[in-house]
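Chains: A, B, C, D, E and F, in written order; residue numbering restarts at 1 for each.
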Amino acid sequence: MTYIGIIITYVFISNLVLSQFLGLCPFIGVSKNTESAVGMGFAVTFVMSLAALITWALQHFILIPLNIVFLQTVTFILVIATLVQLVEMAVRKYSPPLYQALGIYLPLITTNCGVMGIALISVNKSYGPMESFIAGLSAGAGFLMALLFMSGIRERLDTEKVPKFLQGTPIAFISGGLMALAFMAFDHALLTNLIGG
Amino acid sequence: MEGIVRIIAAFLSTTVFAALLGLGLAIASRKLKVEKDEKVESLNNLLPGLNCGACGYAGCEGYAEALASEEDSDISRCGPGGAETRSNLSALLGLEADESAVRMVARLACLGTDEAAVKEFQYVGYADCESAHMQFDGDKGCKYGCLGLGSCVKSCPVNAIDYTGDGLVVVDPDKCIGCEICVAVCPTGVMKMIPADADWFVSCNSNDKAKITKSLCTAGCIGCRICERKFPDAGYVVTDNLSVLGYTGVRGEGRAAAAAACPPKCIIQIDKVKED
Amino acid sequence: MDRLPLISTSPQIHAPGSTRKVMLWVLAALTPAGIWSVVLFGLHAAIVIAASVAASVLTEGLLNLAFKRNNTLDDLSAVVTGVLIGFNMPPEIPVFIPVVAAVFAISVVKWSFGGLGANWMNPALAGRVFVFFSWGTDMTSWTLPGIGGVDAVSGPTPLGSLKVAMSSLSPGIDGPMRLLESAGIPTTYTDMFLGKMAGSLGEMSALLLLIGALVLIIIKVVDWEIPLTYLGSFALFMWAFDGLQYGGGLFSGDVLFHLFAGGLMLGALFMATDMVTSPLTRKGRIVFGIGCGFLTFVIRRYGNLPEGVSLAIIFMNILVPLINRFTKTKRYGVSS
Amino acid sequence: MKKFRSFARGGIHPPGNKGYTSDKPIRNAPLPATAVVPFSQHIGAPSKPLVAPGDHVEEAQMIGEPAGFISASVHSPIPGVVKEITSIYLPSGMKTEAAVIELDGEFSRLGKTHEDRDWVSMENTEILEILKNHGVVGQGGATFPSHVKFSVPKGRTCEVFLVNAAECEPYLSADHRVMLENTEDIIEGIRIIRKLLSPKRVIIGIEANKPDAIEVLKAAGEPEGIEIMPLKVKYPQGAEKNLIEATIGREVPSGKLPIEVGVINANVGTLVSVCEALRDDKPVIERVVTISGGAIAHPANIRVRVGSSIRDLIEECGGLTEEPAKFISGGPMMGFTFSNLDSPVIKGTSGILALTDKEVKHFAPTACLSCGRCIESCPMGLSPTTIFKNIEHERLDEATAYGLDDCVLCGSCAYACPAHIPLVSAFKAARGRKRRLSVRNKG
Amino acid sequence: MMKNLFKGILRENPIFVLALGLCPSLAVSTSVNNALGMSAATFIVLLGSNVVISLLRKQIPEDIHIPAYIVIIASFVTLVDIVMQAYFPALSKSLGIFIPLIVVNCIILGRAEAFASKNTVGASAVDAIAMGIGFAVGLISIALVREILGAGTITIFPDGGVIRIPGLVDKPALVFAFPAGALIVVGFLQAFFRWLGEVTNK
Amino acid sequence: MNEMANKALRLGIIGAVAALLLSVVNNFAEPVIAQRKADELNKALTVLASGESPGEAESHPAGGVKKRWSIDGNKGWILELEGSGYGGPLTVVASYNTDGSIILARLMDNSETVGFGKKAENPDYMKIFIGTGGEKPVPRNKNDLGSDVDTVSGATITFTGITEALRDGSNLVKEWEGR
């Protein structure tokens, strides 16, 4: 698949949150206001692209040569967790403003299944290194987009009279559901027609 | 044989890999160490996070900062947190709490329901006491009473106040944290802070003369002084046409009898707050 | 006792108009199209519309009752939602489908968020999309119109047939009209304009919808920005790019065909213009309209689905809060 | 059609209804037998009473002196005896102390000829002192004490003196008539202010629906270098900040005063008072009031003594033809309803309206449809619906961030709202609440 | 003990009250048997990792605790994955990529951090069981609603254990099988559980 | 320095134990998994070849085809085809006559939605394709199906994915057979 195809796929068609259920926790948890949503979105995008690239290397330079693909899960998550922690430390040390903006979301990314998800998906689809990187980047962008949309809606809902039991996460989920409904406009056929195969 | 080779390969590579990552993290954590003020954070965690301002600081974090910097050593400022917060703060800071503070709760000093009180005009506008009060001090004849439009209901941080449905509001004293926001926002000043263990209460706020009060509300205190004169130990003091029950420094006898003797029946028995 | 004097807050006078009146006007503007659909498809059309209206109203009423909320039926918004859902159904649809759509629209899309004004997605469209993806077959079984519904026979919509015929497009066919002709389903612009084609109940006659919408725009119940920019940008994109697939160059698309086919008119004039789910400012509405136009074009031109109006609009509904955020009016005395 | 200047954002076009009175010459109301003179007829601290019950007062005697920096003096409109000092409600709904004066004794000024005072040779401080002692306040409705307004703060200069002759409120025509009938007083007032402020330009902003006034002012003012700017008929053309935008194209920064952009402005009525105070040594004891509305038998513009009861004025206009739905003090957009007809006319009373049910139809508020009409109509470029929703959820900080404090309370949004949401009322309430909470947090 | 168990099901239900652990699980909630399989797998991982982490809690330095925990969790996940592939191929096929993703199920790391790292082995085991059951209750109820509405069936065992709901099975509301339907169902179930919590509290 | 080594060592040990455990388990489970997968494919192939025995597998004979087997001599071909469905790539195994018409087909690995696209795993689903591809074209759109449309109700994307894969296969067979 071309790079553009990959981008469209992970931003719209197979949007991590809205059609793959990946990254739901931060999608619900960090979408209360737009500023933090954008911060989280960029942090995730950054980690996802990096993680996709590194796990590709891990897969092709260690797991496959040594024939220990069954250790995929363990090693991938180990890399991601370490990566997140290193990035957090580095950002905090070298760029306090950036840490102010993104830092508090970084620890949350370890358990963002989207990162692990896109790493596994990239490996399953036998992407090359560049494709993996682009997949990670666009999955992150798709996540950012969904988060941004969601935060806009939730900011609006903050000042509406949502029935008591639906306030907070329930209405966020319902909103997410309706968003997913609209995202059904984007299907694989659309991609095929758009970029010709 | 092949299996064993694989096991060894897996074993060795993972060990090395994990050890390397661990080493990397350990080095990074040493090199990239950033000091952060954990004291404020942990103090802030102990506070209830309501940001009600009852402590006199701008929100819980302000109080936490003041405590952390030892600017302030009074750990009993947080009314909402109650004894639990006090003891937590005490444990963390090693400071003694001033346990003498009496828990205060808000009560509505008005019995002027739609039925009891005379309306002067029909107010049309935003349903909020503040706006209603801007028009001739509210739609009730009595300008001291509860307007019933719920400025207090809306601004109560713990939703302890609710509408009664007949033109007044009511405080749930169990939920009340004593932050006094309702007292501040009420334009007629009809919310009063009284001790949580109070038993009787003069539920009126009118300083009008008896004749006027009588013409405006069937349940208004007319300042007749029966409670004050006949039951001197109860603690009733009438000033400016209004009886107020004092709770400290008096024996408190005869409160019930005074209530029975009160002509407009504006002295009411109140439930004591459940101590949890 | 005399009536108490009235003390009100400023302003003391008020422009005429109310929510109820807005809804009444919308209903009035939709009526001709509704009557036309009954004329074309017979009694069943009336039943479908009536059922979805009844379901909407009943759902809203019951929810208000069950959760002790104020009665909101007076504002007639539930009726409008019901009518729009009915309008979006194929003529021979089993009645349970519009009913489900109405229940979903009112309870999930509108009521969950706090009722009229709080919903961020157009309830009627969300309801339609919900049943469309649930019962795709029923939602894409069409009937050709015949006065009084006497000779109703099944037949595809122009857009539906187009998608089918497209897959065996042979060279030399220069546009959708010729393509339909070669596929044995010829149609004329006039037929499409007046509503003599297969389609959803309310989308039949572009003419009647246009007249209704024009009235609403003139009396300022509906703003002109969204219909104009929606139809305009859609036409522009179609004109620019749709010719390509027929072997033509840029700027050779058949704009007329695409404007009159399918639910575009109904969507652009009556659904995208829903106040609650469209942006607050004029600038915002223009962005919204263009977005709708572009998305409808993308979905229709490249998507697997023949239509795209509903999905385009509800997708843009998602963006409304963000559009509002970035198209705020410039405040007096505040430098940005 | 000629294109007139206007402010850029928003604005509405409520029916003007000025035809009731715009062609009616000002006539004098009978003098009141009893005058109720409130001590708070202006913005700022109420005046300090100088009289006690039983005191005898002369016509135009000062009976209340300014109490504080922003305050004004109050004068007795009639000669008489102070019967009592009592607390009353003004038609605006505000409570204040007032002196009840019963007519007794000679009118020393009424109808008497006077000599023009030489103000030209006065020092500026002297002029300001006279304004202060004569109780001159802004008569557009805000009643800001003039001696404070015309004191330019240090480090600022007044570039433009802007005369507000827009009179954009429906029904009202008092300013219109004053312009036609007291043209010379206005020009003289401008001369005084010119001396006081030495502005580079003097501009009169006036709505184009008063062509006769425009002509008269042009004839009298242009030779003196006064610019007359006809403005588009659009509410609220006469709101201070919008008028500045319309006439000189500058915006007063949020939270700042017009002097920030070099402007000081005054209403035409104020200029007449300035002129009378300086030239005639006459304090503010009367003003022109429009009595109008569908329920008034003979609507009119009346020159009336401050403290006269509204009931008398309505009688003077032939009484009521039907039971009105509301009595309004001021214009229908920003004015207040009141029910007590014995309330007095005060310095800021520009009109008394008795409107019928037909004119003021009321509907219960319904849910906000996000139609954006309020945003379209807001002359300050705010989003009233957003502010309102934040207030509804007690998010006062957010409401403030969206510009709660920039709202000029002109009422355009609430006028335009098809859901009949009491937006302005809510904004006032929210500001009141903010004030109370800030007092609490400080104390 | 019973109280602790009960809290996981209702008062602190991980899915509905804590809103944790939905990410990879929701995708497999289209049928009840998948939900059962997923619940079982999660339960085993949760229990295993909670116990091990609680055992090792004093041996793991602060700096590396997240990688360490996650390796432990990942090992259990891989174990379950391998076993499932070998002996429950049908289930493994339908759960697919979502089994490895259990590793990032927030509830597992969440409980490890919040509970197991601070408590004894016994308490951690109880907590894991409570949370595991709560998770199962949550996931299965989501799956029940989705399958009934979206397919008109209740599949307990793919072969022979399928209950067909008359009427619905012919014309199910397919949207419930899609992500859109799933999220909506979760929203309403959350509200329902909240209401239930409030009612039972009184 | 010591402290760092200590931390590294601890994480290393945890990793080591995990790896050891997993490799041992994997050592036992792997053959079982492999055997199972092979059985499944064989079973499918046997069905598809309708009794005849398939020849040796040939990898990637053409784009979109993962594997190819010829059916007993030259009676036809079995192809393992790749399509794209709703949930990503899907694998269809189909047998063709030499004229390109479909004998049988089966949906294998896929991530389609349960209760929806997954329905295509049911052998009955493929009935509509049998015999097409030769004289009769493989149905391209649901509208081509007429009364059979209910069998594939809803799952448009899955349907399109399968039908496109099958059509490509058919065309390839025709190409190979020189038709």
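Keep this in mind: a residue touches a chain if its C-beta (ideal position, glycine included) is under 8 Å from a C-beta of that chain, and two chains touch if they have at least 3 such contacts.
This structure is a prediction, so every number in the text was calculated from the model and none was measured.
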item: Chains contacting each of chain A and chain D, listed by label; value: B, C
item: Chain at maximum distance from chain E, centres defined as averaged CA atoms; value: D
item: Chain pair with the higher count of C-beta pairs in contact (B-E, A-F); value: A-F
item: Whole-Å gap between the CA centroids of chain B and chain D; value: 42
item: Cα-centroid distance, chain A relative to chain B, in whole angstrom; value: 43
item: Distance from chain D to chain C - Cα centre to Cα centre, in angstrom; value: 49
item: In chain E, residues with contacts to at least two other chains; value: 63-64, 67, 71, 74-75, 78, 82, 97, 172, 174-175, 178, 180, 184, 187
item: Multi-partner residues of chain A (each touching 2 or more other chains); value: 68, 70-71, 74, 78, 82, 85, 160, 166, 171, 174-175, 178-179, 181, 183-184, 187, 189
item: For chain D, residues that touch 2 or more chains besides their own; value: 93, 336-339, 362, 386, 422, 425, 428
item: Residues on chain C engaged by chain D in the complex (per definition of touch); value: 5-22, 72, 75, 115-118, 275-282, 285, 328-335
item: Chain B - residues contacting chain F, complex; value: 3, 6-7, 10-11, 13-23, 25-27, 30
item: Interfacial residue positions of chain A with respect to chain E in the complex; value: 18-25, 28-29, 70-74, 77-78, 81-82, 85, 110-117, 120-121, 124, 165-166, 169-181, 183-184
item: Residue ranges of chain A in contact with chain D within the complex; value: 158-160
item: Touching residues (chain side chain E, partner chain C) in the complex; value: 171-176, 178, 180, 184, 187
